[in-house]
Each structure stands twice: as structure tokens, then as C-alpha cells.
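Next up: the structures, one after another.
One chain, chain A, appears in both complexes that follow, with chain B as partner in the first and chain C in the second.
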Partner chain A sequence: MAEIKAAEVSQKKKSVLNNTAILFLILVAMFGIFSYIGRPWFFSRLNIIPMINNLSFIGIVAAVLTMVMISGEIDFSVGGNIGLTACLTAVLLERGLPGWLVVIIALAAGAAMGAFNGMLVTVIGVNSIMATIGTMFIWRGIGYTLTNGESMLAMNPVIDFIGRGFIFKVIPFPIVLLVIIFVLTYVIMNHSKWGRRIYAIGANPLASYLSGINVKRVKFIGFLLCGITASLGGLILTSLSAVGMPQHGQGLELVIVSSIILGGTVLGGGKGQILGTLAGVLILSILYNFLTIMNVYYFYIQIVQGSVLIIVVSTYEIGQAMKRRRM
Partner chain B sequence: MKKAIILIATAITLFLVASITLSGCAVDQQSAVQSAVESALESVAAETTAVAAETAAAETTAAVETGAYDYYELLRASAIKNEAYPDAPAAGQTLAFTNIMGGITFCEAVWKNVQDQWVLAGGDPASLYYADNQYDATIGLKNADIMLAKNPNVLINFQFDSKVNSIISIKFGQANIPIIAVDVPTPGAPFMGVNNFKVAYLAGEEAIKRVEDMGGIDKIDNIILMQMPAAGEVLMLRSEGFYQAFVDKYGAEVIDPKTVRADGGAGEAEQANKSMTDVLATIPNAKNCVLTSINAQTMSGIISAIQTAGRWDPEKWIVITQGADETANQQIVDGLVKASIAYFPERYGEYLVPASVALMKGEVVPPFMYVENVVISMDNMKDYYPEMLTK
Partner chain C sequence: MEKVEKKYSAFMNFLRTPTPTLIGIYIVMFILFSLASKNFLVIQNIKGIFNNFAVYGILSAGVTIVMIGGGFDLSIGSTAGLAGIVSAVLLMKNIEVPTPVVFLIAIVIGCTVGLINGIIITKVGINPIITTLGMLAIIRGVCYFWADLNPRIYNVFVQNLGRIYIGNVFPITTIYIIVAFVILTLVLKFTRFGRDLFTIGGNENLARLAGIHVDRIKIISYVISGFFCSIAGLLLISQLGSGRPEYGTGAELEVLTIIVLGGVVVGGGKGNFLGVFIALIIIQTISNGMVLLAVPVFMRMVVKGALLVLVIAIDALRSRRNLQLY
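Let's turn to the complex of A and B:
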């Protein structure tokens, strides 16, 4: 039984790898076409670096949320977590706490938020969609309460560095964080026992449980990590804007989940790839960037982004249906 | 596992307690809004001055004395007449405009006028860059970076949070690209737009006239201010000036007990509707009310909430709104709103483009460019917006 499951998971990973390769081909093609049409602005250091910088916090959260989604759960509270972290950071800085301590408290708060979600889902048994929509409102509400609904300046050398600092005076720090998170999650998901357990749980939680995997523990840790990375995202956004405001991260949960689905992760769990998520995040961000550069109205940008999402996901489904028919 | 749960529960509790304590237990929406109001009134001087703090002090006196704004005024004269600017000064130049939120009547009117004026200035429409900030600071920052990559000669920044504008100001300052702020201040940049306190005070005076027609302030149960604390202190003045006009006329001891302040959301109808529904629940016996909000879109939602509650009576509700855009004017024509303060968004470009072109040419522009304001009601609708009467 366990062998069959492992084979299924392996097969799914292979097909997703193919999809990921296709996504990266699309990405490269888009990049080439956009660089040509959008010249001289699109393919310039002035555009590419800030664009990746601006998608860093989305990518960081998306990478870990992919793990949660592959395990068959979801976390819609990441946007609220980002907002609350931003507010908490600004309030703590205003109270005169040193930057390094604010970072630790913010990440600890993120861990607490993630753990709370994990507890609701794994201990109490609340459906993760409902649990995290509920906590999304709670986190944002606390953010509004902390700041009285206002935006607050959040400037401090440590916080400034997180979103606007450079390594070796050249590489933006958020991009370094993005790369580290993606490498870590890639290694975990593709080259560790932990990753195989996540895939197995997503594919069949009961079979995983019967084969000795501590399903609740794996899911709980997924939520915990998701909370921490969402807080890290909040810190980056606070730094990028130099402001803590409760509206930060509003609606981002949908952008992040869309990127993950675009990358080939399925809502039901058991299937998905970290690299696919990276491609999904890049595709949506590049698309927005290019269309804005080309002076396209936001209404049309929304239509294009939605259409791309539907086309890619439909293509997956059609491909899967054709495979099943062949079998 | 049990230990872990206890540990997590403790952490969550501590976290929540700390959060609430840090916030000073300001859980109540009313007190939150009140706090924002106090903050607004306290910081208005500093905030407003910050619009062009560095340039204003040095430039204003000298510029007025030496006629340094002559070039700007020359271009503005053509703009007002809707004529081509002399010598097509925008030819070969680039201008970026980031709109606060596309799709809103007011913002669309501003954008359209900027486009028209840009062409009159001799600018190539393809050299006028546009991005929609969607009332979202994160997108505003992203758009600012994209605009920076396009390296325009000037940025017209219409972005809702004045503090987020600080970072935009720094980035563009480093690239030596001048900014003109629209309606919301950007540190170090000339400001063009509304004097929020003045327009609110005008609205208050207009409401007072109608209160007197109704029989005086004693007949009024409540004065409702639907505000927008999230947009910062300056925009809070758009309703606090309204309140001040009443206080100046009748005294705080009369007005304060009647005043209800509420957070009307982020400038759109849906949130304002929900908020008004809550307000109505707190004043179940109010019949004769004075009401204002930050714009016509929120007012649509607010009036809809009053109608849904079965408490709408145009004779008893004195509704004054801000902006006099197409939505507001339609509300006046439909008898829902008594008056609206016009900012003439369809004329914003007459200030913004001459100022932008002047900056492109290295000329000085006034640190504050306030739009003219007129109270629009059915009495003078035919003079300003005759097309509304034939729709």
C-alpha cells in the first residue's frame, strides 16, 4: 500500500516537474517578448531589481504556503499576518525598542499566529479555509487596533536594511532572503523525508497516518513556518514602505494563492512544486510590471491576469484528463 | 502535545494582551476615530507645512517678490483658456502620473484633464506614463518603482498615504526627478489640490444655512461625520472642518453631544454602507440629521443604508457631500444630497500640467496650488454642470 502511494506521489511529482518546465519556458518566452516590446525600460537594471525586490515578500510567503497547500491545507491569514506584523513593528519602534528586538518580537508574533492557525486546524479540527479566514480578520483587526487605523512611520536602521539594504553593496537583501527561502523549501520538499511526508499527507492523509506519519505534527509545523514567513514578509513590506499600516497585505492572500495555483499546486493537496510556485510568482509579477510599463489600464491588467490563471490551470486539467484517457 | 498546546495558548494570550495593551485599549471604533481626529487637529500644522517644508519657506517670499512664478502663470493662463501652450514646451518631455484609484469618477476626471492639458502643452500622449495605485500603498510603491524605471522628467503623485509618500519622495529625490503631490502631501514636493479644512468648513456653512431654514440647531438630533482615518490626518480635516463650522456658530457645548463620528471605510460605497448601518443602530431615535462624508462614493453607500433601514426622509436629512463629481451632482439632481463642494477635478490638469512643464524647464512653481471651491446645489447647477439637468 505504502509502496503504491510512494509510486503515485513520485509519478505526480514527475508530471508536475514537466509542468514546471513548461512554466519556466513560458516565463523565458514572456521575458524575451516583454524585453523586446517594452524596450528600453523593461529589461533594465532600474526595472528588474526593484521588480524582484517588490515581489520578494510575496515569493517568500508563497514558498512556505506551497508546503501547507501540498499537505492539503491552506492559510488565508497570511495577508492579515503581514498587516499585523507591519503595525506591531511600527508601534514597537515608536515605543523606542531596538530594531533587532523588534524583528525578533515580530517573528515570534508570526510564529504565534501560525501556531494558533495550526492548533485550530490540527487540534480542534476546524477546516483550514474557515479557520484562517477567521484569523485573517482577527490579525487585521488587531492591526487596526494597534495603530488606531492610521499609518505609522517605521524607520530604523535594522528595519530599513531588511527591505532596502544591500549585500556587498549590489544585491538587495530581500532578494537574498527570497533565494534562501526558496532553496530551503526546495531542498525540504524534494530531498528530505519531511518533504516526502508532506506530499504523502496531501495525497492521502489516512494512508499516511496508517503508515506511521504524524499527520497533525507535520501540518502544525507547516502552519507555524507559514506564520513566521508571513511575518518576515510583513517586515520586508514595512521596510520597503517605511510605514506600518493595517492595510498592508490586504488582498495579498489571493495574489499569493493565485501564484501558487498558477505554479501547479492543486487545492486538494498532494501535488505541487516549489519551483512551480517561483514561476507562478514571477509570471504574475512580470505580467503586471510589463503591462504597467506599457501604460495599460489596471482594468485590463486584471482581465489579463485572471485569464492567464484560468488558461494555465485549464491546460493542466486538460492535460491530466488526456493522460487519464490514454491510461 | 499537551505541553505544546499550553505553551502556544499562553503565547497567543500574551501576544493578544500585549497588543491590546500597546494600543491603549482603544478597541472602540468611536474612540479610535476620536483619537485620529485629535491627532489630526494636533498635527495639522506640521503635516500641512510638510507639504513643501523645505521649498516653501525659502521660495515663497522671494518668488512672489521677483515674480518667479511668471512662467507657471503664463502656462496656466493658456491652460485655463484651453489653448495650446506657447512654444509647445512639453515637446520631447516625459511626464508620469500615478492615479490614486482608477474607475472612481473623480480620479478619472483628473486623469482625463491631465491628458488633455498634456496635449495642449505639446506633449506626446505616448510620453505621458500612467499607473493606477488602486488605493493600495503596496501597489503605489510598486508603481512608483516602475515609473522610476521609465525615468520621467516629472512625477505627478496621487497616492493615498502621506507617510508612504516619504519613501517615494526619497527615491525620486535620489534620481533628481521632481514630484508634484496631488491632494495628499508628499514631503518636499509642491502640493496641488484641496485645502481640506476650507472645503469642509464651506460644507459646514452650507449645512448651517439649511439647519436655520429647518428651524435652528435645536431641531437637529445628530450631526454625523463619516470619516476616513486610514487616509491620514490631512483627510480627516475634510470632515473636522465641517464640525468646526458648527462649533463656531453654535458652540461646542451644543454641538458635541449631537456629533457622531464614524470610520466610513476606505473611500468606497460598500464599507461606508456597513458603517452607516452600525451608526444608525446607535442613534435609533434620530430623525432630523446633518450628514457629511469624504466623497460622493461613500455617500452613495451611506444613503443606501439609511434607505434600507427605512429611515430616509429627504426633508429631514441635510446631506452635504464633497467633490461635486458626476456621482455627487447626480445625487443633488436626484434630491438625495442638498449640496456638494466642487473641487473641479476636471480642471486639476490646468494646475498640474503647467506646474509639471515649469519644473521640466527648471522654473519655480508655487509650493501650494489650491483649487477653487464652489458650493454646488440645485440653485446653481445650471451654471456649472448644465448637462446634469438634461440627462
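Let's turn to the complex of A and C:
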């Protein structure tokens, strides 16, 4: 079994690049078609900039969650984390704390949440899906408790800049963050020892342990980073909407996980590409944005989101089955 | 001689399950709540506790079957909501479909959802959590088709379905749950389906090699779960007196907590309904106690999530035999 997986890993380099390229082609085609059907609203400054801003916080969370998923674990609590961060930010700002301090506290809280997930999974040995479904409700519940279920205004120069600022008056700041995070994760996953360890752990944890990798530590750091980036996403969302409300990020785990899987990351770990995730995030965000632009009800979009998740995973599984039959 | 030994070992087996611990926890909790709130140990309140867990109890009956077989079902809350709102719409004044037909349609809806889940999970081979998470979103979206109708239940028979008390004390819904649990226990103990299910939960590859129709049994278990979802949906509209698209949201968290607390091992192969029943009472008593002690609404959500994490952590520690290396 292990040998087969290892063989797939070495073989994959070419094929996944192909898959990612196909995804980007689909993306361009989709963008063209949507611009045509949805004219004049879809391809306009008024739509493109909010779409990119929205996409950026999803992408930031997805990039790091890809690392966690390649190592064979998953984190469903990112949506709850975003809700809690948004509420925490709003509450702290209302207390009159300076903006930079609020940002630091929010990121620290994200780190704490990530560390808690990591401890549950690595030290106690809980199945990460179950553990993070539980913590998802805890984070959101704490968010509700903090703001007493209300949405609070969150206005502050620093917070405003995170989501709505422009660098050189042209480039939206969330996009800068998105690019930084993607470049960092790309370098880590493709050009560092640590990234190779993550791939190895996902492919075969026992073999990685026996060859001297501290599996638990790598996984723990993955969850920690995931917590921090999720709260960064929460800060961006708070800034974009200028309110902290506990419903922020609800159902986001569905979108994020499906875009990661669409990007070619496998549920059991060991396979996946950061660029693929980028393509997946772009495709799904554009699709959902287009549906909204075309005046589709939210609950229809919800149906589409669920179907996309199932269809994407089915496609992968059916492809694998056909490949096995050919061998 | 052998017989005596067998009996002894069965008793020891019972002691080794988490059920005795659960009974102990419950007694302690009961005493604590009774001391903390003077409204707890009142017949009215106890009646309420038993009647309130109707929906979760019926839902956990089906999910326990799925989880013993190593599966997972997160779509229960949405499925119950769908069955509920469709039946409520069909019972509306200007449509007036006969009640038995409504029940039949509700059950068909639940079983169809279960069948779809089962086929996707077994034939396509997707992780059950991902599949049912997707189904959760899809079905909840479908529920909103009828969002603007806001149907009320005037049908007396349906109203009584979840509201009657036998002898003015014992809620009829508890009898449904007990009947369902007893029947399922007998099915698990004495039929081939039950034994196959435990084998599959214990080791799926082994079961396949032993000639068990793994896929078929698993699909049946999801259909059973869907069936109980539709019953739960009917109870929901009966107890709440109307049909709303958001009914049943978050039920999966509650049911998961109940089942894992009841000693059903995540990953399958182990579990009994007595434990699930006691866990059901425990969780409902905790919810009730939090209301009586005036714990804020949102804090209750935190407590429930924390309870799930705690229960799963204990489950992980219990099922871990060797030191975990990675």
C-alpha cells in the first residue's frame, strides 16, 4: 500500500501540474462566459473589487488549511474561528483599545484556538473531523456570548485598512495579504524540508515516524498556523463589513473545503497543490459571486454549494477507481 | 458450569461498557440539579424533560445504527426538517392530502435521502462525513423552497402525535423511543443484518472477505437513519404546531454528543442502545438544568460544544490501547 502511494507521489509531479493548468483554463473560460452573460454588472469595478476582497479571506484560510489537509487532518472550525475573531475585535474596539493591539490580540486568540485543536488531535488523539466539528460550535458559541448575539460596529483606522485599504491607491490590501500567504505556503510546500515532511506524513504517517519525523509536531504547527490565518480572515471580514457579528463565517467551511478538494487535495492527505487550491478558490468564488449577481436566492446557492462538494469529491473518487481498473 | 461462567462474563461485559459510569454520572447530576434548583424535581419538569428529547431520541436511533456500521450521518437535522416541512405543507387547509398519505410521503422522503447518502458513500466511495455534510447543505436549501408558506398544523391527529401523555404523566413520545430502541436492539442481537453490521464496523475489509454484502448492509443502515429522520420530522411539526424550513438545525451536534456519550465508538463496531438511552436522558437533563439555572442562551451553545469535545476526547482515550506514536 505504502509503495503504491510513494509511486503515485513521484509520478504525480507532472500530472498535477496538468490538473492545475486545466483548472486555470476552466477559470478563464468561466470568467469570460460569466462576463458575457452577466454584463454589464459582472465585469465592472463595482463587482470585481468586492469579489476579490471576499475571495481573499477565503483564499487565505484555504491556503493554510491545504497544508493541514495534505498532512492528513482537517479543520472544520475555521468558520467558527472567523466568527469568534470578528466578535472579539468588535468588543475590544468598543472597550477603546488601540487598533494595532486589537489585531495582535485577535491573532493571538486565533493561535490559541489553533493550538487547542492541535492539542486535541495530537496529544489526545481525537479524530480531527470530530474534534473540529465540536470546537466549531464552541468558537461560535463564545462569539455569541461575547457580543450577546448582536452585531457590533467595528470602526478603527487600523481595522479599516486591513480589509478596505489600498496600497499605492490601486491594489486592495486583502489581495496583498492573499498573495503573501500564497507565496509563503507555496515556498514552504514546494521548496522546503518542512513541506516535504508534510507530504510524507500525509502519504504514510507510520513510515514518516519511523524515518525520524516528529509527526505530532508538524501536525500541531499546521493547526496552529490554520488558527492564526483563520483569525486573519476574520479580521478581514470584520473590516469589510465594518461589523463584528457572531454569524460571520457561518457555513464557510463548506466553501473552503470544497475549493481545496476541487484544487486536487485528497481527503486522506499526501496529495495536493497550493496552486490548485488557489484555482479552486477562484473558481468557486467566481461561481458563487455570479449566482448572486444573477439574483439567485441564497438557499439555491446553498444547494449548489453542497452539490459542488459532493460532485467534486465524486469526480475524484470515480477517477481513482477508473485508474485502478486500468492498472 | 459453563452456563454460570457465561452469565458471569456477560455481566462483566456489561460492567466494561461505559453504561454503568453513565448511570453513576446521571445520579450525581440529578442530585446536584435537585439541590441547585427547587424547580428541578417537580413532576411537571420531569415530564418536560422526557417529552423534549423525543426528536433527538428518534434521530439517535437511526444514527446509532449507522455509526455501529462505521458510517456517519450529519444530514439528519436537515432531513428531519425537510420531511417536517413537506408534511406540514401537505397538511395545509387548501391542499388537505389524507393523513396516512402524508405520513407515507414523509417516510419516502427520509428513506430516499438515506438511500442517496448510502449509494454515494458506498458505490462512489466518498468519506461519509463529507457526503453528509454536502447533503446537509443541499437538503436545508431544498427546505427553503416552502419558506414563504408558513404552514400551521390544525390536524388533531398530527398534533396529538407528539403531545399526548399517557395517564397524564408519561409522554407517548418516550414510548416511541423505547419501542424503537427495543426493536433495534433485537435486530442487532438476533438478525443476520445486526451481526453483519457489527462485523463491518469492526473491520470492513474482513467483513468483505468473509462474504458479507458490505455495500448493501451499509446502504440499509443509511435508509434506516433516513426513516427515523422522517419520523422525527413528523414529531417536530407535531410538537411545534407549524412547519418552518429551519427546523432541526444543529440537531446533528446534539445527536452526535448523545451517541458518543452513550458509548458508541466513533469508527464503529461497538455500541448498545441502553447506553444511548441513558445518554439521551443525561444530555436532556443538562439542557433542562441549564435553563433552570438561567444560563444565558449563547453560553449553552458553548457548553454543548465543549461537552461534545469532552465526550469525543474520552472516547479517543478509551479506545486507544497502545501509546500513540504519530
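Here is the rule we use: the second predicted complex is superposed on the first by the 284 of 327 C-alpha atoms of A that agree within 3 Å, B and C clash if a C-alpha of one lies under 4 Å from a C-alpha of the other, contacts with A are read in each partner's own complex, and residues count from 1 in each chain.
One rule holds in what follows: a contact is a pair of C-beta atoms (placed from the backbone, for glycine too) under 8 Å apart; a residue touches a chain by one contact, two chains touch by 3 or more.
Computed from a predicted structure; not experimentally measured.
Of the two partner chains, chain B is the only one that A:V243 touches; chain C does not reach it.
In the superposed model, A:L309 lies in contact with chain C only, and not with chain B.
Applying the stated contact rule after C-alpha superposition, one finds that A:F299 touches each of chain B and chain C. Of the two partner chains placed around the shared chain by superposition, neither chain B nor chain C is touched by A:V103.
When the two complexes are overlaid on their common chain A, residue A:T145 makes contact with chain B and with chain C alike.
Contacts of A:Y209 after superposition: chain C is touched, whereas chain B is not reached.
In the superposition on chain A, A:L88 makes contact with chain B only, while chain C stays out of contact range.
Of the two partner chains, neither chain B nor chain C is touched by A:M69.
By the document's definition of touching, both partners, chain B and chain C, reach A:G251. Where the contact sets of chain A with chain B and with chain C meet, they give residues 142, 144-145, 148-149, 246, 251, 297, 299.
Those residues of chain C whose C-beta lies close enough to touch chain A in the complex are 120, 124-127, 129-131, 133-145, 147, 245, 253, 256, 260, 266-267, 296-306, 308-309, 312-313, 315-317, 320, 324-326.
For chain A in complex with chain C, the residues that touch the partner chain are 120, 124-127, 129-131, 133-138, 140-142, 144-145, 148-149, 201, 205-206, 208-209, 215-216, 246, 251, 254, 257, 261, 267, 297, 299-303, 305-307, 309-310, 313-314, 317-318, 321. For chain A in complex with chain B, the residues that touch the partner chain are 41, 44, 46-47, 50-51, 53-54, 84, 88, 91-92, 95, 108-109, 111-113, 115-116, 119, 123, 142, 144-153, 237, 240-243, 245-252, 288-289, 292-293, 295, 297-299. Residues 1, 5, 8-9, 11-12, 15-16, 19-20, 22-23, 26-27, 32-33, 35-36, 39, 102-103, 126, 129-132, 134, 136-138, 141-143, 145-146, 148-151, 161, 163-164, 166-167, 229-230, 232-233, 263, 266 of chain B are the ones that touch chain A when the two sit in their complex.
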